[in-house]
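Each structure below is given as structure tokens.
Shared between the two complexes below is subunit A, which has subunit B as its partner in the first and subunit C in the second.
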Partner chain A sequence: MNKEETIQELKAIVKPYIQNEEAFENLTEDTDFINDLKINSANLVDVILDIEEKYDIVIDNEAMEKMSNVKAALTIIETQLASK
Partner chain B sequence: MIGNDVVDLALSKKQSRWQRKGFMDKIFTPSEQLRISTSQNPESMVWNLWSRKEAAYKIYNRETGIRGYFPLQLECDCSNQNEGTVHIKGFRYFTKTTVDADCVYTIAVATKEHFDQIKTMDPNTPITKINGIPYQNNPQIQELKPVSITHHGRFWCGITL
Partner chain C sequence: MNKRVVITGLGVVAPNGVGLTEFTHAIKNGISGIKHDPELERLQFSCQIAGKPEISNEMALRYFSELELRNFNSSGILYGVIAGMDAWKDAGLALEKRDEPDWDSGTIFGTGTSGIDKFRESIYKIDAFETRKLGSTAVAQTMNSGVSAFLGGKLGLGNQVTTNSSACTTGTESILMAYERIKSGQAKRMLAGSTSDSGPYIWGGFDAMKVCSFKHNTTPESGSRPMSSTASGFVPGSGAGALVLEDLETALARGAQIYAEVLGGNVNSGGQRGLGTMTAPNPVAVQNCIANAVANAAIQASEIDIINGHLTATSKDSLEIENWSKALDRSGVDFPYINSLKSMVGHCLSGAGSIESVATILQLHHGFIFPNSNCEDLNPDITAIIDKSRIPQQLLYRKIKVAAKASFGFGDVNGCVIFKKF
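Then we have the complex of A and B:
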């Protein structure tokens, strides 16, 4: 998995749900989905479902709990892809 | 301890596809799903239960410092459409929910008596956030008063004790 590539893919996934354009443009691994991108908490489940569909992985409840920022999402994607 | 959450039903209709595959299973327990599917207005019930979970989460987050995305662990027990409790890991919060054609609004409290003491805040009240948790800043008496704020679409609600 190429990290930069995955970040770009992740950006495309979250784009429809973000409400802070500036934080989105300056997205880094530390960017928080809710506090920085202002994604509505009900839409976080859409982000999770979109990631599952895109990578054909399952994000279980335990992994979902930690889905607070870009770094956490990358780790989850990487872990799930590795165990496929 | 108090928490609140508002859902603008017109905005949620645009923002969320609650009927998409997998959505319900990630957010609602089997008994909550049953309550939704047997409700006269399933969409309104989706946001009714969701706002209870969100309001309760705000108290849980403040009490424990735990931050995360675990809607399934916040289990709603509904006495009726407007009242109930939310349980998570041994904690229990009481909720009151109002529903109309435009919005769903829930207030959650840790102690039932607090329902009667809740005051609505002025939207211009200065707010300080510590670790993402909001407080009303009163410089005169150097006190940080816990508050809960929610906004979605056309609606803003701030409460304090």
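Then we have the complex of A and C:
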């Protein structure tokens, strides 16, 4: 998995949900989905469903709870892809 | 002291016209919105014709964000939000976002079901062990108050935001509930309206009851025949209507256009006693509802110039005429003009009362009476009570002042509202 590539893919996935354009433009590994991108917390489940669809993986409830920022998302995607 | 209540904005999403300009043109010219429905044919419905508003994705994007339209599958909310926002704009009210809610404005926006297609989609997913894939919007799209919740957010309403439900009386009832709230001083402005989902999953139950016409599958435009001797059941429809009701002083202070005044009205039920059942109206209750509406509006029955009936195109139409005649004590040539919008749009169910009220107010405001279609062969039981000149089949231009609008619904519930040109 190429980290830079995955970040770009993640960016495309979260784009419809973000409410802070500036934080989105400057998205890094440390960007928080809710606090920085201002994604409505109800929409986080949609982001996760979109990630599942994109990578054909399943993100369980425990992993979902941890997925609050870009870094955590990358780790979870990596783990899931490795166990495929 | 009671406040006077006026109508300052209208919005409509009807099978024969979306938006006031298109809809006014359609009702003046008797343009039908009833079409053959390939989906109903595929599903082997008895009635394969229906009235369905046409909304392009491009149009939807003027009212909803792209995000809101992702996985969106609720036709009732789509129609209701378009009609509601159009009415707000028509009333000259701001649509831009403010930080503070508008504490003086609310909505009572009714419906019978919400997002029935989304509900079906969700049920299939749940049964396939995919509950986790429902996404975040299944609730907002399928809760009955979805339409008022969407509107409340888009308009920043800070007063009462709710959804009423009383079958085919819903739309007429929402106007009266909004009227009461303003009259008593609890709100300055209320968006009143109602909507109905489209499609087989809302219409199927009626088809099964054999209350829809199955004789016009190849002649859709002549299928909805209120007051005709060959009326053979209603044609299912859908859509939404919306009215901005406002305290007169507030409306005058901001220089708003005023379409009409709501003089009063009545809602009641026949209790499913006497001749009343779940599906048939108790005539005593219908007559009381109309008579009480007239009394509540503090007018004489003789002042009513025009009636917009419920008149669904079933054998019950003559009973409705008899009820109006008895309640108003008027018959023959003395009976008010009467028309039924359902000849052009079918029966829009929970959306009917609002769409038909918008049509009624447009007639008062512009001084016309839209023609009744498909009743060239008037039911003799009707012409035995009222003169056929009272059932115009051509567009008439008349200075009309007072209109009565009634709706009757399953559960033996009734609503009648009286409007006066302002």
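Keep this in mind: the second predicted complex is superposed on the first by the 84 of 84 C-alpha atoms of A that agree within 3 Å, B and C clash if a C-alpha of one lies under 4 Å from a C-alpha of the other, contacts with A are read in each partner's own complex, and residues count from 1 in each chain.
As a convention for this text, a contact is a pair of C-beta atoms (placed from the backbone, for glycine too) under 8 Å apart; a residue touches a chain by one contact, two chains touch by 3 or more.
Please read all numbers here as calculations on a predicted model, not as lab measurements.
Engineer: I'd like to know which partner A:Asn35 touches here: subunit B for first, subunit C for second, both or neither.
Structural biologist: first
Engineer: Tell me which of subunit B and subunit C touches more residues of subunit A.
Structural biologist: B
Engineer: So in the superposed three-chain picture, is A:Ser68 touching just subunit B, just subunit C, both, or none of them (first/second/both/neither)?
Structural biologist: The answer is first: A:Ser68 touches subunit B but not subunit C.
Engineer: After lining up the shared chain so the two structures overlap, which partner does A:Val45 touch, if you call subunit B first and subunit C second: first, second, both or neither?
Structural biologist: After superposition on chain A, A:Val45 lies in contact with both partners, subunit B and subunit C.
Engineer: Determine where on subunit A the residues touched by subunit B overlap those touched by subunit C, and list them.
Structural biologist: After superposing on chain A, subunit A residues 17, 42-46, 49 contact both subunit B and subunit C.
Engineer: Applying the document's contact rule, which stretches of subunit B touch subunit A when the two form their complex?
Structural biologist: 7, 12, 15-17, 20-23, 26-27, 50, 54, 67-73, 132, 152
Engineer: Could you list, by residue number, the parts of subunit C that touch subunit A in their complex?
Structural biologist: Residues 66-67, 70, 132-133, 135-137.
Engineer: Spell out the residues on subunit A that touch subunit B in their complex, using ranges where they run on.
Structural biologist: The touching residues are 17, 35, 40-46, 48-49, 52, 61, 64-68.
Engineer: Using the touch definition up top, name the residues of subunit A that touch subunit C in the complex.
Structural biologist: Answer in residue numbers: 16-17, 42-46, 49.
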